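Residue numbering begins at 1 within each chain, and the chains themselves are lettered A, B and C in the order written.
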Amino acid sequence: MCVLRVENLRTELRLRQGTAVAVSDLSLTLQAGETVALVGESGCGKTTAALSIMRLLSSPPAYTTHGRILLRDEDLLTASPARLRQLRGERISMIFQEPMTALDPLFTIGTQITETIRAHRRCGRAEAREQALEALERVHMRTPRACLDLYPHQLSGGMRQRAMIAMALCLGPEVLIADEPTTALDVTVQAGILDLLAELRADSGMAMLLITHNLAVVSKVADRVVVMYAAEVMERAPTAELLERPLHPYTQALMQSLPRMDRSLEVLPAIRGSVPNLLEMPPGCRFAARCDLAQPACRQEQRLVAVADSHSVRCWRRTG
Amino acid sequence: MNETGIPPSGRGKARGGRLRRGARFLIRRPALLFGGIIVTIFIGAGLLAPWIAPYPYAAQDLASALKSPLSPHHLMGTDQFGRDLFSRILFGARTSFIFAFGVTLLSIVLGVVVGGISGYFGGAVDLILAAVIDLMWAFPIVLAAVLFVGLLGPGLLPAALAITVVNWAGTARIVRGEVIALREREFVEAARALGRGHLFIIFRHMIPNALPAVLVLASFSMGIAILVEASLSFIGLGAQPPLPSWGDLLSEGWEYNQYAPWLVIMPGVSIVVIVLGFNVLGDALREVLDPRLRER
Amino acid sequence: MRRYVVRKVAVAIPLLFLVSIAVFAMLHTGQGDPVELFVGPTAPQSVQVQARHELGLDQPLVTQYFLFLRRALHGDFGESITYREPVGQLIRDRLPATLLLGGTALLLSYALAIPLGILAAARRNTWADYAITGGALVAMAVPSFWLALLLVLLFGVHWQLLPVSGYGSLSTLVLPAVALAAEGTGLSLRLMRSSMIEVLRQDYIRTLHAKGLNRWRILGVHAFKNALISTITLLGLRLGMIIGGAIVIENIFGWPGIGRLLVSSALQADFPVVQGLTLLLAAAAIVANVTADILYAVIDPRVRY
């Protein structure tokens, strides 16, 4: 059952120097209980896409101009600000990359969780506190009761992230958008957070949109993958399929640049060139400048074409 | 903003030489231009007063007493003794400038040295100095001035001492903060490994980083010094006659406020404009220098 | 928290001692011979000797200092040369007036600065913002005594709306309070505005929106509290400005407070009064700073631990 459907989402950044399209024609679906990974390098638009879905971008300068964002049957793009406030935190939640700056340093963890609860439910202070405690227990916080009265700076990175997860999930949303939840953490702590997220999803049937640039995380956690580059979707496929048979030259290059323990390499291959300036986007395929397979025809507009069951690519060289 | 791949600077490369780029730089920042012009006029007026003032400071001309502004020979009018107000304001500017400059310079030098040493060496030295700095920087200047007046009698010297004693702490705070932030960086270790002495590291590497912030503070300090000098001179504790001072002009002019309000308005407006100029300049400097420091 | 408070207080005490030493020194390095000031330059030798003894001036300097200190701690600052009254009494008589003026000015200042600062931040880069910020900039450049003069000219002389001197009724309080408040209002306003802007850019504001919180709670509780930090930090400075400003303003409006007493005493070289007042005011300034520091720790938990 589809809990989130994004159709042809387009977000523009209107700046003094011009208008940059940060998210171009993004479509994806989330079924209950599944994890979809939105993958790409820094600057490809994945975070902007996530914020667009949550409607958290400030206009100016960002404007989401096209598309639909359907949370069940409701289009978030046409919803009123009051309705959006109701939905956020309760039906759709988001956690962020850097838990230290994402939490208000002047308020205790307990307060920050209970205020979320009391903003959406009619609840006494004591009752909200109990619920907050439960939320902290669910994320396996080590001393949950003590944690309620601690301030963010008193917690370690991993604990802060757990607190943020507790805060995001305390009302049992259907969709969780996780923006690089483990990037800022130590490798050992990362695994713990990922396991926690998997467990929470299994318990509640919640769907998760995972934003990341880390393919290792993707392989471990995601059911399906959407690969973005320079604001466009380049390829989408189920995870196993993508890892085994990456079709788009960009995806392939990404795979190749992963350090692997089973291959000995002299030099770790990197993708030559750099991401084009969003204000001066070349026509046609945006990856062409860095692609070894590029041909003159690549300067034509490319479309996302289905190649196999739920596997699509935006590259005429693959789709013919 | 680099999440979206948008270049940080503006349109392409600037055409034309340095002069053109400089001009464009200034025009984009009207505050900087405004502040800069006012401050320049002030400094010019102050330094050149003896040569550009139409009349000497104390020249009386009873026949032309109490003339209103824009009279034929008197741009801003005259007071009860026929003294030309414009000239007196110019000479007042001179006193203000020399006073404010001297005080600001001294407090900055003191503040930089003490702040640098305190921040760098840490430990007991820092504990004591930081405590002193913390408590001095917000001490009421006028009160300190009265204290010094009690010790030394009225005059510009106690006023100068009072401002310096408080202002150096403000500078020291900033420098100390900057030095502490830089202390842990690797280049300090590297410099020590190369055999560089402590003082060298402090002055060659750390203080230049604090200078932009100090410069901003200096601009504001000038404004404060001018205001304090005027206030003290007004109530009689600052510049003593016959030393020219805006505060003095105001206290004398006040007696004739009914007949010659310009005697009160003109010097006051001068003070406001000049201090405003320094404040605006300080603000603009902060904007210009800050982003380069922080690299957000 | 307790350690923090103790630390701050422990550091303030030596400074208080330093100030007391400076104040004490005033009598002995200042202008003129204190004995002469007391009994007049033409008094016969025997009277001078007796006065010297009574004033304790024939004792070694250090002893005199400790005597002075001990008396000071009991509120005894000697007798005013001009008024021939105990200094303590003089101060006690005039302190309420200054407290009234200063307190009113401070409240007025914050009542104006905080809302306008928030408004300017919320309406950033609009005409409202430019007007408010411009006004604040000008206010920071206006000498408080000159503003006082202008206010007197306008409201007192020209329009005859408000009294320009005297003490006792609400109307006499208005002009001096406004003149005194103006000096620091611009500063606090701009500070509130810039910290509000800075706060609203922070990541946690985005998180708060993502939680679906009410806009007013985000602004009024979270953003406000965070922005308040820097304003509190300046509370000590503001109180210092009020103290300094009161000295000048009271003189202009003939407000019977300690500021006026201080200036007249300084000009007449009435050392006991100047000593007592300076010590009192300096102590007040230091206490204000420590209080501001403590308040800061109350609001921002990161400082305490």
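As a convention for this text, a contact is a pair of C-beta atoms (placed from the backbone, for glycine too) under 8 Å apart; a residue touches a chain by one contact, two chains touch by 3 or more.
Keep in mind the model is a prediction, meaning the values are calculated, not measured.
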Maximum inter-chain contact count - chain pair: B-C
Most distant chain from chain C, judged by the mean position of its C-alpha atoms: A
Averaged-CA centre spacing for the pair chain C and chain A, given as whole angstrom: 53
For chain B paired with chain C, centre-to-centre distance based on mean C-alpha positions, whole Å: 22
Residues on chain A engaged by chain C in the complex (per definition of touch): 54, 56, 84-90, 93-94, 96, 98, 101-107, 115-116, 119-120, 151, 153-154, 164, 167-168
Of all residues in chain C, those that touch chain A in their complex: 202-204, 206-214, 217, 222, 225-226, 299-302, 305
Complex contacts: residues of chain B adjacent to chain C: 131-132, 134-143, 146-147, 149-154, 223, 227, 230-231, 234-237, 250, 254, 257-258, 261, 264-265, 268, 271-276, 279-280, 283
Touching residues (chain side chain C, partner chain B) in the complex: 11-12, 14-15, 22-23, 25-26, 29-31, 137-138, 140-146, 149-150, 153, 157, 234, 236-237, 239-241, 243-245, 247-248, 251, 262-263, 266-267, 271, 274-275, 278, 281-282, 285-286, 288-289, 292-293
